[in-house]
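The letters A, B, C, D and E name the chains in turn, as written, and every chain counts its residues from 1.
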Amino acid sequence: NEKVIFGTNWLAQAEHGGYYQAVADGTYAACGLDVTITQGGPQVSGRPLLLAGKIDFYMGGNLLSAFDAVQQGIPMRVVAADFQKDPQVMMSHPGQGLDTWDDLKNAEQYILGDEGAQTFFQWMVIELGFDAAKRVPYTFNPAPFIANKKSIQQGYVTSEPFAVQKEGGFMPNQFLLADYGWDTYATTVEVMQDTIDKRPEVVQCFVDGSAKGWYNYLYGDNKAANDMIKKDNPDMTDEQIAFSIEQLKKFGVVDSGDTDKLGIGAMTEARIQSFYDKMVKAKVAQPDIDIKKAYTLAFINKGIGLDLKK
Amino acid sequence: MKLEKVAQAPMAASGDGPMLLALRDVGKVFSNGVTALSDVNLTIREGDFLSLLGPSGCGKSTALRLIAGLSTPTSGVLDWRGSGSFDRSDIGFVFQEPTLLPWADVFDNVWLPLRLKGLSRAKAAPSVMEMLARVHLTGFENAVPRELSGGMKMRVSIARAMVTRPRVLLMDEPFGALDEITRFKLNNDLLELWQGERFTVVFVTHSVFESVFLSNRVVVMAARPGRVFREFAVDAPYPRDEAFRTSPDYAALCRQASDVLVGAINSTAGSHHDGH
Amino acid sequence: MTAIEGHTPTLDPEEARRLRQERLERIGRWLLPLAIMILAIWLWDRVCVWNDIPKYILPRPGVVLQTLHDDAGLLFSSLLVTLRITFLSLALAVVGGVGLAVLFAQSKWVEMSFFPFAIVLQVTPIVAIFPLINIYVDNQTTKLLLCAWIVAFFPILSNTTLGLNSVDRNLRDLFKLNGATQWQQLRYLRLPAAMPYFLGGLKIAGGLSLIGAVVAEFVAGATGQSSGLASRIIEAGYRLNAPRLFAALILISLIGILIFLVLSLISHLILRRWHESALKQER
Amino acid sequence: MTAIEGHTPTLDPEEARRLRQERLERIGRWLLPLAIMILAIWLWDRVCVWNDIPKYILPRPGVVLQTLHDDAGLLFSSLLVTLRITFLSLALAVVGGVGLAVLFAQSKWVEMSFFPFAIVLQVTPIVAIFPLINIYVDNQTTKLLLCAWIVAFFPILSNTTLGLNSVDRNLRDLFKLNGATQWQQLRYLRLPAAMPYFLGGLKIAGGLSLIGAVVAEFVAGATGQSSGLASRIIEAGYRLNAPRLFAALILISLIGILIFLVLSLISHLILRRWHESALKQER
Amino acid sequence: MKLEKVAQAPMAASGDGPMLLALRDVGKVFSNGVTALSDVNLTIREGDFLSLLGPSGCGKSTALRLIAGLSTPTSGVLDWRGSGSFDRSDIGFVFQEPTLLPWADVFDNVWLPLRLKGLSRAKAAPSVMEMLARVHLTGFENAVPRELSGGMKMRVSIARAMVTRPRVLLMDEPFGALDEITRFKLNNDLLELWQGERFTVVFVTHSVFESVFLSNRVVVMAARPGRVFREFAVDAPYPRDEAFRTSPDYAALCRQASDVLVGAINSTAGSHHDGH
């Protein structure tokens, strides 16, 4: 089997469940791949490894980096989008006058990580009138958010609300960005053009395997995958995993909309174009990018794995 | 005029002022085990000009530092009789090495003790310049120590010790690095000052001639362990001048002192001359 | 001797004061720091209580201590990982710093030519260049070491260079007169003379290599089992497990203090025979 | 005089060699570092070309230079923001470092009691305690300064403490004899004597306060328009804009070198009259 | 026996060895503008025992450093006649200050020059111990400099300079910090050695007595600017012993030398005695 490496953008968690599932139950192996998953982390940037050819696939957060790659003349493409919705939420304290999406911009502090600040926050500033000066970095410790009732904080719908509820003792308001116009695909699979050209079968296998993995993880027996996750990230708890999976399902992050017919990983040209146009309008992306170079639909939308959904 | 040999008693025959300080059975053992001083008994009277004479390493500097309070004896006591009224900052000290502030120029180095007493540059300037003139360093106010010759550094150090007109002046071989002519001149100057103001001087020297010329009492020390070998009064009248220096009396006194010193050196435990 | 006894009182106050002070100092030297430490911890506790600070923001010291005890196994195995990188990188910093300083001391040319590169290394944010390191260095330990080394080597280099250039002029002349080779001058004169400066730099680098090891792990991420204290801190922060986060911080602080004490001791032992900074006050 | 002329050849070689070397050195002092710098840049370029390194991983120096020129406005306004924090925090580090050192010099007690806290500050990873700072400090500049200060103050403290303790014993005795107060001893003796050590610490802290300013911004973030170089680096990193990232790094390096040169000059001017490390070789 | 006054010519009357070194119109101006030496002409012959005598600050140390090659003249030339065969590392130098390695003990300090020549501790030990015995420091091998008295440090420095048996020995007031008895002893030792091996000595001293006792030629220098004031031969036969020291001839010579020195001091531009 051909050895390939997939780099995730965070420590092992349920949001990576599909890939671990495919490794654990031999789905990748079945089409000839020996996949190694390397974790990312709060301060760890894996994309340069992809660019330098040290890893074969990288988990992108959203589509913006693909646009940037085209802009910078980097031959990198998105070949699949395993999350139909970005699980990114903004959280606020209930009952502080920050209970609606439109209220959020009135918060005292926006606690946002660097990546968020460079992507969706730009859009929030220009499109929705958030105040750039109120941003404070999120060092992946929610304590400042809990301490300041007038603050809002970013988070994954699958993680932060859980931590806040557990330690802060309240369930924060959650606003899924995807529901307010941030309609990017998320958890994309990024590949160098070179790999697509020279080893299309490897890409195909990985994309298909991941889709099947996700179906199995969400709807099948995911114990093996969870064990792997907990091995890679010893601090992960079953409780957290359960919460995450529940949220993934509840918000239709992985499996909703187009995936009904096209299968997990689906992307459509129209939606990408519409997101791009929105980003150009928000001055987050440069105009005149040939976004066709940012992705390829050659490996997806084939309904792979639909049969696994029970 | 003759050398009056005195017993090793705390009282010196020639003292005439009131007692200032008595060292009683003073001993000093350094932490590395070297006994620098042992059973030293010595009385210093106000107005004394006392010379410490002795071979290298016999504890002269150690004794001076004890007197100045820079070091404490490991046995025995220092008895400052007038301690009620005596302030240690009224001591002038010329270290064996020049000990100048390397970053300060000559003027500032001499100004230092006055500055520490709160005198401004302008207020201190006359005294400082006068002392610099006395040690022949007029014109070098702005030189820093590394630009001075060895003897010049020592002279700065002397000027610094005397600029405060201290009541007690402790000098550790102050003129050792000076040529004989300048040395004679400074000897005369020092004596003149001393006669005028009658401060107390404890003067370490290697020169028999110098000790006899200057002091009213000479204490000869011996080494291994450092101790007082003999103490005697120099009963020549002051003022002492060039005439005294060329007098046969002076030569005779020197010869006798020399003999005592030879005795002190020979009394040193064998090790001192091991190599011979 | 009665006469003497009669006089002793006149000098007793000064002498007695000194003796008393010495005794006090001997005790105070260890007791006072301890007392202050305890006071600080008590204050921390009070601040938490008075201001009602919730434990997920700043846990009370008791809680941290409890965690330190409960999570001892986890924390100490992480500590070992961090310590390993710390000591290795400190060793490398010594070798690199002194080596470069010696090289620079050979000639003003070399110094002026290569010092800029040392400065570039010092001021380059590791976070920014880590991707490059990540691409071209494969071994995880090597990556961590490189990062920690970059953080720690400069103070040693800078201080040692200063020390090598601070040799007494007359001693230099002495060596020149005796036809000492460059190497001999270095070995017998400049290196010993630079010792106090080098050891000063070492004390700074000790703490820096610890922080360097932590930062390196932050940046480089942890790989599974071999995660050090940085990973614990990130994880604890993310999980809002403040007691464990502070337990890890306390561990780092304790290690920092320990390293400093050990380096101070080494410094003292090396210098105590001759350098002012280490001489006992002998009076 | 002809007789002398006749003899001059016998000593010419030595003398001529010396003169030649001096002339060479005067030129080489500036030319050589420049040449080496250029060589290094050329090597960087060659490495990129030989290994076919794509520009989005390691851009060639020409590209970076071009970006430096094209993005000059953006980069320089960010640079000013970073420089402001750098200098403020360096100033604070000097005040804090020297202040603490002076405090510690008052007594061994104070030193042993409070040095541990200084070490704790030095070894605490800013990332880990930033949430606390963030909660209790409101002003953005204050946050940045605090972070940068924590990074920079320790070398000054440590070196100055060492310097204050390295005063020549005889000079100390001299001051004691003259009844100098603690304050006078400090002002006229210990501080001047500690100068070379302090200035050595300052040179280390110069670079550290720059890196501190950058790290502080990484951690504490920038507020909108007033973003410094760290924000540029993060942004360029996310936007995969490697040329701009390296342009920012180059700027930081240049500033680092500049700060070092300025501090070296200051150090030279202060010490040149007396300290070996700054004395001109007069023969 | 009398002082033979010699013109200020590069050749000294009493030289008998081949010329070793000639200083021709040598001048030294320091970068701060001080003229330390001006137009110095001096010839040193192999086997000379030459004393430099002069007031403090007249440039004696500067001259010695020039000769040793530790400093270069700003005008004039040093002509090492035999430079083809002369190796600068064959110079022994006693600095005016002890200049010891503070971290090394006495043994290691004296071993240093031999160590630099490649001798192991064991190989060097006999020479080192012999030199230490000569300067009466047996038993202090393991003391570090700060544990020594001023005179002891200077003696270590002397031992270090002589342990290599150098062909040329330059000594800057080596015995200034020693008592007269020890000084006489070391004077005798030095003369004995010199007669035995006939190395060349340039000896800076402040003592007229010492210079006359030791040397075959005395160069008296004057200050402001530093220059050779007068040079004369001491035509007394060697070996010189205690008998010579007490002879009237010696006294006469000393008196004459003293007069020359007084002349040199008085010839100094007014500033020297400004203060008086």
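We adopt the following convention: a contact is a pair of C-beta atoms (placed from the backbone, for glycine too) under 8 Å apart; a residue touches a chain by one contact, two chains touch by 3 or more.
Here is each chain with its UniProt name: B, E = Nitrate/sulfonate/bicarbonate ABC transporter ATP-binding protein; C, D = ABC transporter ATP-binding protein.
Keep in mind it's a predicted model, so treat the numbers as computed, not measured.
The minimum number of touch steps linking subunit A to subunit E comes to 2. In terms of C-beta pairs in contact, A-C outnumbers the other of C-E and A-C. Seen from the Cα centre of subunit B, the chain whose own Cα centre is farthest off is A.
Chain centres here are Cα averages; for subunit B and subunit D they lie 49 Å apart. Centres computed as Cα averages put subunit A at a distance of 42 Å from subunit D. The set of subunit E residues touching two or more other chains comprises 30, 70, 97. Under the contact definition stated at the top, the residues of subunit C that touch 2 or more other chains are 57, 127, 131-132, 135, 168, 218, 237, 245, 275, 279.
Chain contacts: subunit A has residues 43, 45, 48, 52, 139, 141, 143, 147 touching two or more partner chains. Considering their complex, residues 65, 68-70, 87-89, 91, 93, 95, 97, 99, 101-104, 112-113, 115-117, 144-146, 164 of subunit E touch subunit C.
The touching residues of subunit C, when paired with subunit D in their complex, are 25, 28-30, 32-33, 36-37, 40, 57-58, 108-109, 112-117, 119-120, 122-125, 127-129, 131-132, 135, 154-155, 158-159, 162, 165-169, 196-197, 200-201, 203-204, 207-208, 210-211, 214-215, 218, 230, 233, 237, 245, 248-249, 252-253, 255-257, 260, 275-277, 279. The touching residues of subunit D, counted against subunit A in their complex, run 54-57, 127, 130-132, 134-135, 218-221, 223-225, 234-235, 237-242. Residues of subunit E touching subunit B in their complex: 30, 32, 34, 53-57, 60-61, 96-97, 130, 132-136, 138-139, 143, 147-152, 155, 172-173, 176-183, 206-208, 258, 261-262, 265, 271-276. Subunit A makes touch with subunit D in their complex at residues 43, 45, 47-48, 51-52, 65, 68-69, 71-74, 114-115, 117-119, 131-137, 139, 141, 143-144, 147-148.
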